[in-house]
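Please see the structure below; I have some questions.
Here the chain labels run A, B, C and D in written order, and each chain numbers its own residues starting at 1.
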Amino acid sequence: MDRELQGTITLPEEGRTLASGEQEFVLDVRTQDMELNMGPQHPATHGVMRILVRTDGELVTGAQPHLGYLHRCAEKIGENVEWLQYLPYTDRYDYLAAMNNNIGYSMAVEAVMGIEIPRRAEMLRVICAELNRIGSHLIAFGTYGLDLGAITPFLYAFREREWMMSLFEKICGARLTYSYIRIGGVFNDAPPGWLGEVSRFCDTFEVKWREYYDLLIENQIFVGRTADVGVIPRDMALDFGLTGPMLRGSGVDFDLRRDMPYSLYEEIHDAGAFKIPVGTGEKGTLGDCWDRVWVRVVEMMESVGIVRWCLENIEPGPVIGDIPKTLRVPAGEAYVGIENPRGELGHYVVSDGDKVATRCRVRGPSFCNLAVVEEILSGTLLGDSVAIIGSTDVVIGETDR
Amino acid sequence: MDFQGITDRLTAVGAPGFLGVDEPRGKDPEVKGDKGRAGDPFVLVDPQSIDRFLVVCRDDPKLRFEILADLTATDPAADDENLWVNYNLLSVSHRHRLAIKGILPKSEPTLPSAVAVYRAAQWHEREAAEMFGVTYRGHPDPRNILLPDDWVGHPLRKDYEFPKEYHGISCE
Amino acid sequence: MVTVSRYFNNVWKSFWTTMVGMRITGRYLLQKPITVQYPDERMPIPNRYRGIHYLEQEKCIDCLACARACPIDCIEMDAVRHGKELEWISFTLDYQKCMFCELCVYPCPKDCIHMGTEYAFVTYDRSEFKHDLLSYKGMSRDAKIRMVDADKKKAEKEAAKAAKPAHEEAAESAPEEGAEDAGAE
Amino acid sequence: MGFLQEKVAELGSGTNLIRELLAGAPRPELVPDWAIPLTAVFIGVGILLAIVSLCAMFGTWLERKVSGHIQCRYGPMRAGWHGWLQPLADGVKLLLKEDLIPLGADRVLFVIAPALVLSSILGAMAVMPLAPDFFFADAPMGVFLILALTSTTTIGVIMAGWASNSKWSLYGAMREAAQVVAYEIPLGVSLLVPLMVAGTFNLSEASAGQAGGFGIFGWYIWPVGFGTEGFSLGNPFMIPALVLVFVAVLAETKRAPFDLPETESELVAGFLTEYSGIRWSFFFMEEYAAMFLYCVVASFFFLGGFNSPLTWVFEDGGLLPNVFLFNVMAFVTIVVKGFLGMFVMMWVRWTLPRLRIDQVMTMGYKYLTPLSLLCVLGAGLWEWGKWMIVG
């Protein structure tokens, strides 16, 4: 080899900084970037997402998500089945929050039909939605621990989620894909004793929640893994259209339940039953992974507050309005966004007065939240990339629909 | 701000491409004979100037739509010669929404990309492009997102014919 | 000095939060597990559980309401009508497709299709997932008896009709009309 | 041959045992001289292999039960009482499993790597005395021989990672190399503290130095001990040194929160990604045997070694002096101590999240190494002061 080529060679991209901005790597050898295929079968991609990662040693220099492995043509199906028949399909895009999806779709159709639903049905909807939010956040929290190597919190989270699912099993008969909320109300009334069990669940959950917080969220290793990692500044969060805990983790105080209230949430908020947790950058930078996870974990307790309020104020009454068996929706269109555990779940429904929808668009929050990953992954370590993907809490069923 | 206020403001600032509003019939069921459509109101915008319209929506201090909540397209009917392009904006600071619709001819479904205004549009536009055959001018990464790269046809068009097979796998 | 204190603070925090975590996990180590040993003991199944369907075949009138309500068209039924009675050929549910949404249950006019509490459904062959809900093929004993009875009645009626002259029939219906008139007054 | 014979003859007490046994044989003169030590070696290796695999079997069972009960579930319950035969069933399954070597793998290295990993731990195990009068190699530099031999597993792991022809495996191997090198230093340095106190590198001697005090109070860990010579001042730096050794051992044995080479959520399974069947299980045998070995070594230097109330009863000058029972109880004592140590390691594993690779390096170089040096300095000054004052 020539003498001139020996010695120190400095690459043009020298002095790249980590997200924390502390360590600098100055490369003095010529290395080759490696293309690493994370997924579709990879433990950290939460389903069948594939991320093509370009790495330089442990450093990720570029990432490109590839979607579509779970594409099931949900929107096309929506244009081919009757209004009510589409309801079970809504369970399946965000399968961790099927109740919220049912509510979103039902509300969109109700908005076109212009009908009001009975108050007890609204109450039951809110209870189910918030219980499901707790369950979904439990998964988010548990699998995030799993991504970071803590397996036990995951099992603890599943223990409480199991109770939540058995509550749903009692009210609607299914454990994951509920199809409980119907257009015009809910399918059937709560069985006797169910509301009391929900109340007991809330009591127990408050005790267990403290344990999650101490076991994982406050743990120094967890803080070290998540603080200052994957920082999404406020402007970037808005630009990418992030919603839900991702947006609140970046310090934007916005929640559809409070700010554009639907269902009974305005009343519940006025009664002071819940607050909206917003990330503050307590352990690191504002908008890092820790803030996002913290927002989710605190939101679970706020949901408990909402459920408590509903249990106190629920009154007997009908649970479903006068809805014909074969729905005919008047011509028109509506977009209804509700607060899913992952963000704004929008349903854009177009009807031409037929038994079948003209367009049944789903705006999945995971789809939009995942888009930001492409941007923030580069410049992190391989271990961080897992932490960042986990903190977006995507459900691949929803990104691909 | 309610819908009326937003449209007034849009008229006042002279938003480029603002064509008008489409409002549904009244919610009061007693009023018979109202033949209008049901649902939510939206504004009609010329799709060719949608990017400049969105800039106004985003930057105007009274409007301040920071978030592009949704971007999609709609094929109203197989015999309709137009596609709809739908945008849904959300304002975090003023807590209001705006639904936008543009009418785009199926013969030349091309319109400017909104990625320069909202980066949230990037994936939504890729999806709308592959599903409806809409071309977004100036999109930085116009690949398929949910469908395979070699997919033929635009599945959410009403005149889409289901393929008989895909790479030798029967779809029947 | 700040760096040094932060250094030892970090060491202490790591140690302390580890101890806190180990206290929580250690407490659970000594508690009884909450899981059950599945095939030996089972979780109670609530009444509304949406498991594999069962059909009250006697009540079913082959109206296809459930098949029409099904979002994925997994219900197929076939029956031959003999007057009022049904001769069942098949009533199949394809459990490869079924998503247990219960949309088939509530349009039923006779309330005869239900979702049961059975959830384990294992076969060696996919074709067996096309499950026949019928408890018997053809006609039930009762239906047969009813049909024979009905046939007999019909035959009797026809025989009586043939035997009776036409004016007697008219006379028979006359008092009924009179009663109606009385009711109206 | 003569040199080897000499070396083999030095190996341990086993040779003499065999010779004594053979002396009773009908025609001992027919047995050639060189066969005796060789037989001893083979028997010894057999015993070691049995210990290693029993460690792994019991270790896996314990791990599954501990993790299960921590997570509010049972763990294995089917094979035998509370699943105690589960490791056997797993072993049979692993033996019968298809042995896959990926296309494009370096076949030779791929096959050698598990054997190398296992042989290094077998060698290290030979240094560990099983009872005061039963050992294979009573090496005078016992601790450092163990450290040296166990660190050769790294070579096997790097081999496995390289030979697998998988990017995940390569990452795992590189992480293993970085991590083990980083943690060798604090482990060795913090082990200097008890070595200073004990004044020996030999494990049996260290154990003998902690006798007395009902088998408990003579341990080096106590700041104030009560050994054979009555009350004595211990070394207060032993407790932090034990914590440091524990953390370093966690990293050395690739246990969570330092399981960076395997990180199943980042690198599918790290260097194990392409391994299957019995080859895969070799790595696990190594892991559990190394855990056991390190725990036993730590117990020899901190927690009394053979000394426990059980051995205290039977020891020379105790309540019921009995050499045979003393040896048995000593064996039981170190096995119990070893598995108690493993239990704590498992408890930590099922509590904590995993560190990131740069944090592992930071912890090794910026935290453990300076702290262990501080510990050694403090302990040295303390011992020096004690020597100056007490004499």
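One rule holds in what follows: a residue touches a chain if its C-beta (ideal position, glycine included) is under 8 Å from a C-beta of that chain, and two chains touch if they have at least 3 such contacts.
Note that the structure is predicted; figures quoted are calculated from it, not measured.
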{"item": "A-C or C-D, whichever has more C-beta pairs in contact", "value": "A-C"}
{"item": "Central chain (distance from its CA mean to the mean of all protein CA atoms)", "value": "A"}
{"item": "Euclidean distance of C-alpha centroids - chain A vs chain C, Å", "value": "33"}
{"item": "Chain centre separation (chain C, chain D; CA means) in Å", "value": "61"}
{"item": "Inter-centroid spacing, chain D versus chain A (mean Cα positions, whole Å)", "value": "45"}
{"item": "Residues within chain A bordering two or more other chains", "value": "152, 156, 159, 215-216, 219, 221"}
{"item": "Contacts with two or more other chains, residues of chain C listed in rising order", "value": "10, 18, 21, 24-25, 28, 34"}
{"item": "Overall pattern in which the protein chains touch one another (line/ring/star/complete/other)", "value": "other"}
{"item": "Residue ranges of chain B touching chain A (in the complex, touch as defined)", "value": "24, 27, 29, 37-40, 42, 66-70, 72, 74-77, 86, 88, 90, 92, 95-97, 99, 118-120, 122-124, 131, 144-148, 155-156, 158"}
{"item": "Footprint of chain D on chain C - complex, ascending", "value": "7, 10-11, 15, 18, 21-22, 24-26, 28-31, 33-35, 37"}
{"item": "Chain A residues touching chain C - in the complex, by the definition given at the top", "value": "81-82, 84-89, 91-92, 152, 156, 159, 166, 169-174, 177, 179, 187-188, 191, 211, 214-216, 218-221, 325"}
{"item": "Residue ranges of chain A in contact with chain B within the complex", "value": "67-68, 71, 73, 75-76, 79, 111-114, 238-241, 243, 247, 252, 254, 259-260, 329-335, 337, 344, 346, 348-352, 358-359, 361, 363, 367-368, 370-371, 375, 400-401"}
{"item": "Residue ranges of chain D touching chain C (in the complex, touch as defined)", "value": "66, 68-74, 77, 243, 347-348, 350-352, 367, 371"}
